[in-house]
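Some structures are shown below for you to check.
Both of the next two complexes hold chain A, though its partner changes from chain B to chain C.
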Partner chain A sequence: MSSIATLKDPSQERQKQMIAGHFTRLAKAKESGRKVVSTFVPGNLTELLLSFDLLPILPEINALQSGMRQRSAEFIQKAEKIGHSEDVCAYVKCDLGMLESGNVGPTGEVLPRPDLLLLSYTGCFTFLKWFELLKESTDAPVAMLQVPYQGGGRATPEMRDYVVRQLREVIIPALERVSGKKYDEDRLKELLARSAKAEDDLVWVLESAKHRPSPIDAYFGAVYYVGPIFSAFRGTEDALHYYRELREEVEDRIRRKEGPITPDGPMGEQRFRLVVEGPPNWTSFREMWKMFHSEGAVVVASTYTKVGGVYDDGFRHDPNRPLESLAEYCLGCYTNRNLPTRASMIARYVQDYHADGFLVHSVKSCDSFSAGQLLILRDVEAKTGKPGGFFESDLVDPRYFSAANIKNRVESYLQMIEQRRSKVVAS
Partner chain B sequence: MTATNPGTELQALVSRAEDLAHDVTLRAVREWKAAEPSRKAIGYMPVYVPREIIHAAGMLPVGVFGAGESVEIVKGDAFFQSYICHIPRSVLDLALRGALDCLDGMLFPSTCDVIRNLSGMWQMLFPQKYVHYIDLPQDPSPGLGGAFFAREMRQIADDLGRMGGTPVTDGRLRASIAAYNENRRLVEELYQLRRSQFWLAPASEVYVLLRAGNVLPVEEHTKLLAEYLTLARQSGRHPVDMARVAIRGCFCEQPPVDLIRTLERAGCTIVDDDWLIHSRWPRGSVDAQGDPFEALSSAFLYRSPSCPSLYRAHERKGASLVADAREARAEGVIFASASFCDPALLDQPMTMAAVKQAEIPCTAFLYAENTGQFQPIREQAGTFADAIKLS
Partner chain C sequence: MRCAVGIDLGSTTTKSVVLGEDGRILGRGITNSRSNYDVACAVARREAFDDVRRTLCAGALARTELPAADRPAFLERLRRGFQLSQYLVQLGALREFASAELPAVEALFAGSRLGPALSRILDALEAGAPALFAPDAPRRSDFFRDTAASEYHKLAQSIASPQQPFEALLGVFDKAILKVENRDIDIPFAEGAGRAIDRAILQSCLPTRTMAESIRAVLTEVYEHPLEVVASVGTGYGRARLPFPKEQIRSEILCHGLGAHAMFPGTATVLDIGGQDTKAIQVDGDGIVTSFQMNDRCAAGCGRYLGYIADEMDLGLHELSPLAEKSTRPVRITSTCTVFAGAEIRDRLTLGQRREDVLAGLHRAVILRAMALLARSGGVRNELTFTGGVAKNSTAERVLRQLISENYGDITMNVSPDSIYTGALGAALFASRMALAREEAAA
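Presenting the complex of A and B:
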């Protein structure tokens, strides 16, 4: 284990400490007198929560952490024993099972019951049911923020105004009640200004994958990169430092023409540049990454890294328009965009990042991502002329991860790219 | 001149309703359009769309609720993973084989992520067709969620008015609201008849009657309902000893009619249900006097039936199901959900707990719209009915 630890980037160590520190703050919330708000990654209002000194807790993060720590199977089974269907989202069942099992978080500390459920209903219908279930279990009050879906392919001013009015009339009053503090817009602006700076650095890091060799893996590696900004740290000094340090690390790798650090060491020759659509599998995360990097496949762009916010199209949180920019952020999250927009984004990534092809990782748990992916696959192939591949598993339910099948799929796909190259050279 | 036999007339009417209920390739819609070439038809998916707006634009609202067991899926399966429910694959299959060509547009309500994403698939596969995704309001206040929904409906009205050349004026929309009010009144009367004298209006007949409304002009469907009510009351059918049950979970993907018949044959009479829920949505009449968009919005906020696709912060989960079951004097509840239906299956543990707490017996099974094997369900439902009758 120690040899693996030495292979981590310093930024990854910092990120790990930040996340662990947050879980400790959560565990000590009651004794430190801090209130806890449960909310979701897409459409999260972290700066707003922090402006009230509230601590965010994100059930998807808890679930994926349980998955990475091989605890999700028992939690899911526990939820199924109390009546939850095998057919539904495993994140929900993992979270409920964890709650039933004493709500011990990934650092081994007991997590507090939330004081408020902030239902940021953004891009995922299941969020709605999830918090209905949590409300039944915890009896915490719910504040609902409906973020309209971009069904027509764009966020309209009317959609933004609807979200802003909800923020003013529903969400902020609910946060005032739970925190006992008045809304402080100046404080929110300070946080948003920091967010924008961190977002600049994050975008720079993600776009660094346009280099050859790519200094990052924009899917497996970038999961760590987006961790702070997707969770409890947007708007904090910690996030500013983290993204600055990460950027310097990546700049250094570009100078040295090095690829990303994988869990098994620095990546060797990059033979394939890929774009990936869909969330990762968390229970066999390292195993899946190895299937790629051991074949020389580096991911140069991914859609999962946009699920907690799309910044590479120019959006930044704007301290001069605090609530409006929070609304625009929510509206713009990846799964809140319609399928034609998603397909166009992927096609653009394939072209802009000079990818050899793209892969769809379809997860059983997430209809929001998965329904329609087979059409996206055809559409992106038609738009780019690059080959698409498709493989399935799940987020945190290990019963749906078949290593042999996935390895076979990935290898066959890469062989196909290789064969196409040979034909092009031959012709 | 021979005297008409109510039984024969009833049989003929039910037979016609059944043909219409199974008209998944929309013959009736084509005939309606052929009668006047400028006519347009707009499809909609479950769970709820304001059909009144389509009607006010002079168009035919057409319920697209899946192909049931009648169509072998050839192309639709190629677009969906195995863990996605059945309705999108059959609807897409119908569209890809041209069976839905007569529809000039489609409305997709915010039922779940699958129906939502299907709206995007429609945009990609049928770019020449009008497509609108309707975000139903999840905020319960008139000034926020209500105003948002009213604006959403005005947008659709403008779109359809432009498309068909008949602007949706307030006057036209009020008239359409009145037409649907009359339809909902008769649907409610039908449900009341089934509750009070279920042997006169068996659930399998009620189902096909309601589903016939998916392809008929509302005025014609209202007439069909009125005729059925008259004939059913005159039918002389005799009471039978069956267990009275409420069924939940069928609000989107529909159960096969044979599944409903199977439940009846197993000794369960269904006195309350949530299938074709749009036909009783909202409950009661919509105000047909004031601002019609506000009226539709207000009715949605305050008189929507309980449905897993809607978030209702202030309702205790399952409370409305228990109330509905009691009002219908149901002796048991059957949770029949479509496989992989996230809204139904995530809701079920909460509503089932409420039903159990109310000491109402319940049972649960899964189906798909093309389920063909009913024997296990028959055995389960038969056992459930026996348990109720013996308790």
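Presenting the complex of A and C:
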């Protein structure tokens, strides 16, 4: 074990400490007099919250952490016991179950009740219901930011102005009320400037997967990379350092022509380059990753690493247009894009990253994003001529993870690519 | 002789196919997968090699004076004679294991003394064996368990008494049969094939002694001829358990695609309904898989569903379709949950619906589920090949034909009587290509 532990990238240790540190700050929020705001990953307004010295708490992150710690089954059961159906989003049930069980976070410390529920709704309809439930059990006020869906495939200036107006008229006043502080735009600008720098490094890291061998796994490995920027750290010095360090590490691996380090050690020969759509399964995260890396499959691009913001098409937070760029960020999240845009994005990844194919991991308890995935599959196949694969489990409900079946599916899929490849060589 | 072997370790049965150097199928073998995959694999493979010898015997007979018209009957006698030898050896094993189980079972049934009854049953089974495999006897199941169990049950029922309770006798059988199944019985030539050849010669009343001698000599030569396995490939659910290196393991998706293409070269879409999964596979003109879909997280509507229904209705699997075909007004059944099926059946029957109509509805429900998967995989293209254990069920086949025609129009649908071997055939073809590639690399 120790040999594997020492193989961990230093950036991963830093990441772990940052996240743990944030949970500790949250646990001590009441005694340190800091106010806490619950909000979601897609379309999060971290810089704005930090400019008021507010601490963000993200229920999806709590749920996925519970999943990784093997606590989600018990939390989900608890939520079902109080009346939530088996078909309800497992993140919601996991979060509610955790709340019911004393709200102990991943570091073993009790997490505070939020002082405000900031519902920055982007694409996922369940978010609305989730916060209705949280409102009931926490009695915290709700501030809702309605982000128009990119139904037409693009964000219009009217949409942006609409979001900016809400930021000015609804969100900022709510944050002023809960923090007792006045809105400080200069401070926000400083934070946004740091965000943009960190975003540059993140994009550089994600795009490094264009190298052969790929120095990163852009799905299983990259969920760690997006952790800080998607959660509480965008705009902080910590994030700046983390992404700089990560980038240097990846540069180093490219120089040495090395692949990513997996939980089971450095990855061997990369025989398959894949693009993945859909979030990972958290309860069997390591097992699922192993199904890929043990077969020599590396993920070179994923959409999940874009749910907290799409940066690879050039968008950056902009200190010169603070509220406008926050609005554009919310509108541009992957979850807020329509099906044709999502399909085009995947097709572009398959082409730009020279992938052998793409896989859709469909989430049983997520109606919002599983709907249409089969259409995406067909569309991307038609656009790229590369084979698509489909498998299904869940985010944090372990009852939907059938290891033997998923392994069978993944192996079959990779063998199919291999067979097609050898046919091309033979002819 | 050099051959390539494919093994398909399925959830219900294990199949093996042996190919000759020219790619021709020389033999097939099948056994129930039981709890021990290693044994299932060994048994299926051995059965396939027994079949290879029979194929070779057919060729060898052509070199004797036996008239061509008499050869099929002779071969059938040989086959049955060989089965009889196997049956007797397995009965011997059953006797041995059953005796060992006696004390434990007697302890569960106070005052019981099962020894004499058990001896009587097994003696009777042994005495009755030749009749079971006589040339004019009806064909039996390929599995020792099925044949032995039905005979054993009948005898146990007839001699059961308070000292020798029926349940206790059954208990002995159930424990012993597992052990019989968990070892592969390889019979030496003298006891097995040699005796079968002698029996077939005897039963055939050949005109001259010289003819008998020449046949014996030619067939003995067939059995002594060495068979060299140049490559093996394994597939199926239990493939990870196969004693093969990783490069010799192929996913059943690829094997079913290639196997279906070999059986029907015009195949574009394959529907495979097996014991625990349903696969919709699209292949190109060379049998290479281009995409596939499988049932997710739930095996509702697979072969096991029909197996469960058969158990619920106290029918054999092979009896389901003939009964369903008698239906005049199929009942509409929407659930394909295997566990719910029992309740659904009882409920319908209580409502006064006929068994055949309920059965017809259940078959339709299975195929409707497969239709959804086909749609998901990109639809049905011409030609469609239907494989897997369920393809043997003629009601399933008929309903599929009907729904394909309604939804996709004029599509050729292929079903082979050997469809259950599709995966094993594909695996054997992969093995054969692997051997060829190796030779080319060496040269």
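Criterion: the second predicted complex is superposed on the first by the 423 of 427 C-alpha atoms of A that agree within 3 Å, B and C clash if a C-alpha of one lies under 4 Å from a C-alpha of the other, contacts with A are read in each partner's own complex, and residues count from 1 in each chain.
Here is the rule we go by: contacts are C-beta pairs under 8 Å (C-beta built on N, C-alpha and C of every residue); 3 or more make two chains touch, one makes a residue touch a chain.
Please read these numbers as outputs of a predicted model, since none were measured by experiment.
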Q. So, A:S412: does it touch chain B (first), chain C (second), both, or neither?
A. second
Q: Name the chain, either chain B or chain C, that contacts more residues of chain A.
A: B
Q. Is A:F292 contacted by the first partner chain B, the second partner chain C, both or neither?
A. neither
Q: Quick one: classify A:Y349 as touching chain B (first), chain C (second), both or neither.
A: neither
Q) Touching A:E381 in the superposition: chain B (first), chain C (second), both, neither? A) second
Q: Mind working out whether A:P148 is in touch with chain B, chain C, both or neither, as first, second, both or neither?
A: first
Q. In the superposed arrangement, which partner chain does A:K423 touch: chain B (first), chain C (second), both, or neither?
A. second
Q: Considering only the touch criterion stated at the top, classify A:Y219 as touching first (chain B), second (chain C), both, or neither.
A: neither
(Q) By the touch definition at the top of the document, which applies to A:E392: first (chain B), second (chain C), both, or neither? (A) both
Q) Can A:F52 be said to touch chain B (first), chain C (second), both, or neither? A) neither
Q | chain C-contacting residues of chain A that also contact chain B | A | 364, 374, 392
Q) Which chain A residues qualify as touching chain B in the complex? A) 82-85, 87-89, 92, 119, 121, 124-126, 128-130, 132-133, 136, 142, 144, 146, 148-149, 151-153, 158, 162, 165-166, 169-170, 338-340, 342-343, 362, 364, 367-368, 370-375, 379, 392
Q | Residues of chain A defined as touching chain C within the complex | A | 364, 374, 378, 381, 387-388, 390-393, 400, 402, 404-405, 408-409, 411-412, 415-416, 419-420, 423
Q.
Please output the residues of chain C touching chain A within their complex, sorted ascending.
A. 237, 250-254, 277, 286, 288-294, 296-297, 376, 378
Q. Which bits of chain B are touching chain A when the two form their complex?
A. 78-81, 83-84, 88, 108, 110, 112-114, 116-121, 123-125, 132-135, 137-139, 141, 143-145, 148, 151, 308-309, 311, 313, 317, 337, 339-343, 345-350, 352-353, 366
